[in-house]
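Can you keep this structure in mind? I'll have questions shortly.
The letters A, B and C name the chains in turn, as written, and every chain counts its residues from 1.
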Amino acid sequence: MPAEPAAATCSAGVARRTTGPVGTLRLVAAVAGKDLKVELRSREILYTMALFAAVIVVVFSFSFVKDQKALVAAVPGVAWAAVVFAGTIGLGRAFEREREGDTMRALLLSPAPRLAIFAGKTVAIALLVVAVEAVVLPLCLLFFNVDLGAAVLDLVLVLVLGAIGFAIVGTVFAAMLLRIQSRDVLLPVVLYPILVPMIMSGTKATAAILAASDADAWFWIKFLAAYDCIFTVVALWTFEALVIE
Amino acid sequence: MLSSIVVEKVSKRYGDHRALAAVDLTLTAGSVCALLGPNGAGKSTLLGILSTLVRATAGTVGYLEGERRRKLDDRLRADIGLLAHSSLCYGELTAIENLEFFATLYGVPDGAARAQTLLDEVGLEPRARARAVRTYSRGMVQRLALARALLARPSLLLLDEPFTGLDRGGALALGARLGQAKADGAIVVCVTHDLEAIAGVTDHVAILVGGKLACDERDPAGYSYAALRERYHAHAG
Amino acid sequence: MRRYLVPLLAACAAVGLAGTLYLVFYVTKLEQNLFFNQKIFYWHVPNWFMLFSMVFLCGGASIGYLVKRDPKWDDVAFAAGELAVLFGAIGLVTGSIWGKAAWGHWWIWELRLTTSLILWLTMLGYALVRRFAGPGSEPLCAGLAIFGMVNVPLVYFAVKLADKLGQASAHPKAKVVAQLDASMKGTFWLSVLTFALVCALLFLVRIDAIRDARRLRAVRERGLDAGILEP
């Protein structure tokens, strides 16, 4: 069968490649784009995640108030706790939503490679987490009375790397748990221990940036990047092994 | 294009519940197979196995192109179209957006134009096409789902209760569309309780009872409503 | 021969445990700093050895399963994973008791403790998934075990490098075993051997049970498929 079966029977239009690296990237973009488009229409997951994260930041910062000022040392922990918890909710909801209309089945039924489908979902979730971080960061800066100046960009980098790490590991685990009973409870149980290095390096980097010690901050940023790379490789390998049945 | 599908000794078990037991069935191109049977007989399960999404616990399914056996890979799925109980479409997107998305996944060229053509064929009114699918009635969702199944010109068309939610005119149109697919050389398998609607185009009757194949008959001249009813009552009571 | 292995191991382990207890309480000298409290060391350290060996066995068997697709590898991973949770739990509890006696805290966030805790939590998650995931989840569990294994060095280095500038670890250094007095050393290694026997014993018993359950399921499935058995 030719790579583009429809081209054999259709006279009009140009067939766009869906095979090979370019084709796969195009499919990833299509799936991610679809996820984001669906999300933007209802904005349900986005609002839930953002509100949940905001509530966590407010409650935690309130708990650490002393002399009417919130303790700056608490910022890294508060920020990352908010991101991870809100992210887990978003992760669960994103896969749950594919159950309405049974669209997960539609995706798996298509000739798109499984890897492309889940890579697309990873991209979408990473962007959702970044959106949540865009809420968490200003709130933290506000409530904890922190002025960073140009160092904010470093912090943004840390948050983005963290979002990527979360999305990769989270999507792989959520995908692995798709057909399992009790998936909602099991996802955080199995996911959080694996996220520990990410959370640790994220908080350490954040603390270093707040304390204006650049060397430390860049060390942890590199560690976080290494975490992302290592688990991308592991995810790709196990995914392939899991899919080949 | 697939020329035939050979189901050999296929069984499917969900835990303790046996859905299918050693089913043997051959489907050929250019035919419409009516898969009948009482509720819980295993019809949807068999359809799931044919779609490659469900793995049989025993037995094999061969997808043949002439003499050659197709590999069960991504490209095979491009030739399979499914219409299921659920819509398989995204409620937040419009009909056009849904079809364009799936057109990208299936590598169908010129997705937008093909979407419009198909929606004309299935009879989805133009004003509804730019509305979100979650605002559609059951019949409209059914039409969209059919368009989605036909998108990539599949050589295996699987339909699970396609006539539910359709009015008389819609059912007739669907029947005609299946006849057209048959004329184009596709393999069509239709699970349904609506014997009247399927009667005009069926030339292969398979009746599942309790996971076993109770009847497997072919007649190139086709089956009338009365003939189908008689077969059904003979085997499925 | 296999039939005799389990009772033999059980007998040896029983003797070993009794012997170790006797030696620990009656023969070994009291340690200078902690006196009586230090004796828990004879139980604590071997349990950590067992935890780490079971974790790597589980991870290795999981890789083997994904590569070879032979259920025997999966049985090994299953048994090893459960034992990792067991020995890890004992290690954490005994370590906590020792910590309270030695440093005055039930818990501190230092390198080895943190890594071990995260590792134990990962294996706990693994055991839970195995219990609740239902049939057909073997490849998924193998993937989990591999992720957990890769995670270990990452956690270790994260904590180690974070502590770089912090205070020196309160945990006794690794060299402590080599510096032991002769009688203590002997007892220590006997204790390790005993726990290795207990671990091997539990492993054999568990893997037999797992294998039998799997074979029974397979036979039952074949019967159901052939229509011989009615559900």
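Basically, a contact is a pair of C-beta atoms (placed from the backbone, for glycine too) under 8 Å apart; a residue touches a chain by one contact, two chains touch by 3 or more.
Source: prediction; values computed, not measured.
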item	value
Chain contact topology (line, ring, star, complete or other)	complete
Closest chain to the centre of mass proxy, which here is the mean CA position	A
Chain pair showing more contacts of the two, A-B and B-C	A-B
Chain centre separation (chain A, chain C; CA means) in Å	33
CA centroid of chain A to CA centroid of chain B, Å	37
Chain B and chain C, separation of their C-alpha mean positions in angstrom	52
Junction residues of chain A, two or more chains touched	245
Chain A to chain B touching residues, read off their complex	1, 3-7, 9-10, 12-18, 23, 26-27, 30, 34, 37-38, 41-42, 100-103, 105-113, 245
Partner chain B, residues of chain C touching it in the complex	135, 221-222, 224-227, 231
Residues of chain C defined as touching chain A within the complex	66-67, 118-119, 121-122, 124-126, 128-129, 132-134, 136-137, 139-140, 142-144, 146-148, 150-151, 154-155, 157-159, 161-162
Contact set on chain B toward chain A in their complex	51-53, 55, 65, 70, 74-80, 82, 84, 86-93, 97, 101-102, 104-110, 113-114, 132, 148, 152-153
Chain A residues touching chain C - in the complex, by the definition given at the top	169, 172-173, 176-177, 179-182, 186, 189-190, 192-194, 196-197, 200-201, 204, 219, 223, 227, 230-231, 234, 238, 241-242, 245
